[in-house]
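There's a structure below that I have some questions on.
Each chain gets a letter, A, B, C and D, in the order it is written, and its residues are counted from 1.
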Amino acid sequence: MRIRFSSLSVAAVVVAALIAAPVLSVFSNVLAGDTGATWSHLADTVLGEFVFNTVVLCIGVGLGVSSIGVTSAWLTTMLDFPGRRFFEWALVLPLAMPAYVMAYVYTDFLQFVGPLQGWLRETFEWRRGDYWFPDVRTVGGAVAMFMFVLYPYVYMIARSAFLERAGGMLEAGRTLGLGPWGSFFRVSLPLARPAVVAGTALALMETLADFGTVSYFGVQTFTTGIYRAWFSLGDRIAAAQLSAALLAFVILVLTLERMSRGRARFNNTSRQVAMPVRLRLPLALGLLAAFACFMPLLLGFLLPAGLLLHMAFLDGDAQFGARFVELAQNSFVLAAITAVLAVLLAVLLAYAARLARSRLPQVLNRIVGLGYAVPGSVIAVGVLIPLTRVDRWLAQGWEALWGTNPGLLLTGGIAALIYAYLARFLAVALQTVESSLGKITSSMDDASRSLGFGKWSTLRRVHMPMLRGSLLTAGLLVFVDVMKELPATLVIRPFNFDTLATQAHTLAADERLAEASTAALIIVAVGLLPMFWISRQILRVRRREG
Amino acid sequence: MSHLDLSRIDLAFGSQLVVRQLSLQLEKGRIGCLLGPSGCGKTTVLRCIAGFERLAAGEIRLDGEVVSTPRHMLPPERRRIGMVFQDYALFPHLSVADNIGFGLRRDSAAVRNARVDELLALVGLAGQGRKYPHEMSGGQQQRVALARALAPKPSLLLLDEPFSNLDVELRERLSYEVREIIKATDTTAILVTHDQHEAFAVADEIGIMHEGRIQQWDTPYNLYHRPANRFVADFIGQGAFLRGKVLDDHRVQIELGVLDSAQPLVCCADCAGCVHGSPVDVLLRPDDLVHDDASPLRAEVVHKAFRGADILYTLRLAGGARVLSLVPSHHNHAIGERIGIRLDVDHVVTFSDERADECAPTHPAAALA
Amino acid sequence: AELNVYSARHYQTDEELYGNFTKQTGIKINRIEAKEDELLERIRNEGANSPADIFVTVDASRLAKADELGIFEPVKSAGLEARIPAHLRAPNWFSYSTRARVIVYNPDMVKAEQVQTYEQLADPALKGQVCTRSGSHPYNLSLGAAMIKHNGAEATENWAKGIVANFARAPKGGDTDQIRAVAAGECGVAIANSYYLARLMNSDKREDQAVVAKIKAVWPNQASWGTHINVSGAGMLKHAPNKEAAVKFLEYLASDQAQEYFANGNNEWPAVPSVKVDNAALNKLGEFKADTLPIGELADTVAEAQRIFDRAGYR
Amino acid sequence: MSHLDLSRIDLAFGSQLVVRQLSLQLEKGRIGCLLGPSGCGKTTVLRCIAGFERLAAGEIRLDGEVVSTPRHMLPPERRRIGMVFQDYALFPHLSVADNIGFGLRRDSAAVRNARVDELLALVGLAGQGRKYPHEMSGGQQQRVALARALAPKPSLLLLDEPFSNLDVELRERLSYEVREIIKATDTTAILVTHDQHEAFAVADEIGIMHEGRIQQWDTPYNLYHRPANRFVADFIGQGAFLRGKVLDDHRVQIELGVLDSAQPLVCCADCAGCVHGSPVDVLLRPDDLVHDDASPLRAEVVHKAFRGADILYTLRLAGGARVLSLVPSHHNHAIGERIGIRLDVDHVVTFSDERADECAPTHPAAALA
């Protein structure tokens, strides 16, 4: 008897291999070439600082996003206070703000020559050195930037988890003497652990992959180190090795986290799916809660968006007009296609791993997830390597058959771009979907199978509907990420193809921040549309399911 | 003062009233039991007591303190209750030992571990503390839920079908031990169960619920022998109703003869019935009809259920009415056979038949088994 | 006919430059604009099938590096050779515009004679006064590379250490930020690219004018090897599918009209000496002595400059 | 050829063998039942049959086709099974009607609706199809699970404690109706239950499981009266063991007198015992001891359990041994009272006592209730 591979696992392995190819091609450089000189130079001079800054950044951002994200998610799901319904969806908004734009805006606002300090100096007739003012362009400032734009990852995923049918277990906690806070720390939070970890991991991976913000702030991190090895020292291999080291670190952390879960599960064990009634806070506490939700929103969105708007009005992009419709359309189409694909593929991969008896799909999924931690330029090159290779085979084949050279079939179009996005952002969808899938008991699968449904139709008829909220969340996260993505878009896009992000970059890279504000604002605005729609949709799903 | 006092509580889900004007009192250290058909509101009553549901009317007092009214609710965690949920609601992220020790967070680790081990042993799961809930069988999970609720020594225990997934032997042992614990610690408890024997064995007082109301709150003996209405008579134990005519205070004429009651006839409490000549329905329990080969009275076997020690025969009388009889299991008769029976009635229970519907709400599944 | 350009230049005014070429020749231009190193990777990966005809960059050492990778094809064009000075071209590529790395200072804080050369910036007298952007930015690396060529590695390393010791604050931000910081008194002196300065000078915004009013600019090293310059340049690719059009384009870029667009649009100087642009700011900055080192040779020492900066702690 | 055929299957969770060398066969249209203490592996056997677990050894055939071996598994959806899960596993995102209609995707909407309504009526939930599972009581959810499994008319039904949360009346009605459906449609079924009366009433054959093995696979009558070993004797029904001495093929001497068996003495099947003079343990069922005020044999009441129709007395004999006796409930005696008893033994069941441990694995909860 032959062991048969199911269509599901074959599909999943193929998809995973394809998506992981760019990351693997980064790894494949690890053993090539002699990079001893570069390494010893880096180790002697800057590596320590890179590592130190990166660790500080990770710890700061990790603590920041998880505390802001979890607190706001918990407040809006479990309690009732003034403005709760507004905060439920508004807390997502900072997501639309690219971190590097935030960095520009805040720097402009807060730096020595900026309006705030300028005003202070004028009003109080201070001079340099007369007063202390926090400097944004430091590690601390970078932590703040990332914290405020990235906490929505944790907020959204944790919120899904809090809302996901844990009513009975919360009640059990209450009968065992836990108050609302105790329930939070001892029941809700541990049960939401995979979600909080997923959200935090995403935020951290995005932080690790960031180049724009940290280099603008002059904060040397592992990623700026990769760029330095690659561009300044001209050592591509060493750059790849540095990337690989970064990824190894990420794998290590994620693996340790998985292992520490042991055999614990996080699904609902109770048939009581309805959430307990929200606890209505007394006014004073309610205002405090509203304040706690307002601060991240203010700092992560309202203030920077307001500043951008101010700039855009004062002296925005001279090209504003019909061209922007095209840019917005390009961005939107790319983001929408990628979001849909990413969600579908993530479901496929997560579901295959759920059903698999072997560890292989889980390992593959972790590798697929790594794309998010790889700096955009590196992944762009990582995408180009396999893609152009395939392209060349295709071209050769074509030429052998038809005698003409078709040029590059894949790399020439947006397909390559979407592939690159998937390689980078599938992690986002995957983490979201995986954490929610884990909340569905396996008896749901069994029940459906016993009623005559195969794996695929069980997926379609049982899991997908139950995951609806999370799928929308995943789609939204990917959508917004694609809207903001820059390095890969720059290199891989086809001829004469601009997006809002490239437009903003063109100006910002030329140090024309005010003019870049227009495109940046439109990124935010275009991101807002689906965000409104999806947040409403998610709320509706949640409300209906009680 | 009662330890637990529910007075005229109403509870609604949306517009549907699920608990209606329900009152009950329980003294400290007593074990009450709620019995009733599926969906009658038993779990809901427990949830009201625990503080999970907001009352639509009435109030609940614990130790004299008002804990629930339609406007005010003392949070569940401040009621010192322990609850076994019908669906267990174990924590999937915690091992069995951690589940059981969950409510003991104020104790030192040593004390907690000792208590957890003690409870694991009690529920027959010694040494299995390191497993996770999903690695346990249904009945094992149920026992963990029980242990978890007992661990913090609550002053009020709410047990929602805590033994439903256990085998008879384990169920009897555990219910016995839980009763001992409750009595030894002067805990008050409410048990919900579908197993009447269990209710009889464990509870001091039993309430029969139907459609959100308590029909009778009484001792097991009285429920069986002096049911307050036709619903209770029907629900508790087995039996059949036979048409009869009242002869006098102590006697009723039925198809099988004249029943002579030691006490004056027991009628439905709030019925006018029981005057001479009035037609009544007489409840015949399976043990009221004794199998006797020598008896001239004969009935045809229409159904039989082997029950181990005895066989429960469903018999058709000459007049067509059906009655039940419990016969030691070596009297094995075939279906269709006509066997001898004899009346051996101790308590005569009658219900006036005109007003039957009012006396005893009809029950959807009341058809005779 | 078409022409495919991979460009690391991304100035908005370049639109006209390309439009004009199409108007003149009927050749449509397709562009991808990205950062040079990534583009270089793309070209390398695409190999023989690459659709790219022309590669445009804004850093001489990148041009040289690309050349070293062998992706360019030599262009024999008498016209180009005649118009573009020898130190601004190589057999395989041509520069079309130049920008200078100038010193900007705040006369309230430092004296003019303190900041006449790059080397002076390392003088302990300027302690706590110097601002620059990151040492690993290509503009600064290119300056470092030139200094190694002129002064030697050891001197450059000492210089870098001196600069680091003089920092008013850790390197951060872009060149414009440095200029603003000087105007605001956060730093006494800074290094910046000429076109950022010229842009501020040409700006009609009030706050930009206020900045310009507070600062003065210096052409560094007029007495020695001259002011460090960098270039925008381009070359034709080996696997270019439209070689004819590519050569035409390279030649077009050296034409008077194109030179004007190319340079003036971004406040740069044309590479062709005979072309004079009418740019208020550039006019005001006036003539200067530029470094005449063959610009492509900087590529040899860029990596070394980075290593020196790393050792000196010039992040 | 049997419809269902498990031959020598093993199943392990990790290193722990949970099902061991288990075999069973069931003809088409028959109802088998698995009885056994909590955690003995009943659910696991059903899951193996359904195709959710991979065997460690052995094979399972359905209709002659091999569906499970350690290397090959026919997916569950191709086995034409219906399963009621111990934890119901209702789909929380679907209404009750949609849950029940879930398996009917091939039918037209009209057919499906009709079938759903029919099943809702069967389980006593007519008109409640639009509710969601979490809006139903525990017992109602259980009935939905039953209806859902029945809806597609599977050819093999696996029922894992399908009535555990239902009241007696409903349970009896439903188990009766499910039996009728199974018989009418020639379905094969395996029922797991803890309720022995239910097992006796519904099943054609019963397997007693213990620690992953089947101890005896037999008819209800034989299980009760001819238990294969001490474990089965102990597990099925109630009873006590008394020391005795074999007199001859038909007679045993015990403290209470000489037992005379109509058949030759039934001993543990694989025991050597039952020769003259050998010491044996004799099983006394509660119905083997009859209460008789006139009898000179006296025993002291040490415990009593009111069971409605009768009272189960635990009695202490003069020699200290404890026995059980089931007495009609109007014979109400107080604890401590000495009452008259008489032997009325029909089937004498003995186990040789030296080899008792080997014959009948001891059972953790085997202590007498």
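The rule is simple: a residue touches a chain if its C-beta (ideal position, glycine included) is under 8 Å from a C-beta of that chain, and two chains touch if they have at least 3 such contacts.
For each chain, UniProt lists the protein as follows: A = Binding-protein-dependent transporter system inner membrane protein; B, D = ABC transporter.
Note that the coordinates shown come from a computational prediction; the quantities given were computed from them, not determined experimentally.
Between A-C and A-D, more contacting C-beta pairs join the chains of A-C. Separation between the centroids of chain C and chain D (ABC transporter), computed from CA atoms only, is 89 Å. Our note on geometry: chain A versus chain C, Cα centroid distance of 35 Å, whole angstroms. Separation between the centroids of chain A and chain B (ABC transporter), computed from CA atoms only, is 56 Å. Touching two or more other chains at once are residues 271-272 of chain A. In chain D (ABC transporter), the residues that reach two or more other chains under the touch definition are 87, 138. In chain C, no position touches at least two other chains.
Of all possible chain pairings, those that touch are A-B, A-C, A-D, B-D. Residues of chain C that touch chain A in their complex: 4, 10-12, 30-35, 37-39, 41-42, 45-51, 65, 133-134, 136, 138, 141, 169-177, 180-181, 183-186, 196, 205, 241, 302-303, 306-307, 310-311, 315.
Listing the residues of chain B (ABC transporter) that touch chain D (ABC transporter) in their complex gives 13, 35-39, 41-44, 86-87, 124, 135-140, 142-143, 160-161, 164-173, 176, 194-197, 200-201, 220-221, 224, 234-238, 285-287, 305-310, 326, 328-330, 346-347, 363-367, 369. Residues 50-52, 54, 75-78, 81-83, 85, 87-95, 102-103, 105, 132-135, 148-149, 152, 154, 158 of chain B (ABC transporter) are the ones touching chain A in the complex. Looking at the complex, you find that chain A touches chain D (ABC transporter) at residues 1, 3, 165, 271-274, 357, 441, 443-444, 446-455, 461-462, 465-466, 545-546.
Within the complex, the chain A residues that touch chain C are 41-42, 44-46, 49, 107, 111-113, 118, 127-128, 135, 137-138, 215-218, 220, 224, 227-228, 230-234, 315, 318-319, 377, 380-381, 384-385, 388-389, 391-392, 395, 405, 407-408, 411-412, 487, 490-497, 502, 505-507, 509-511.
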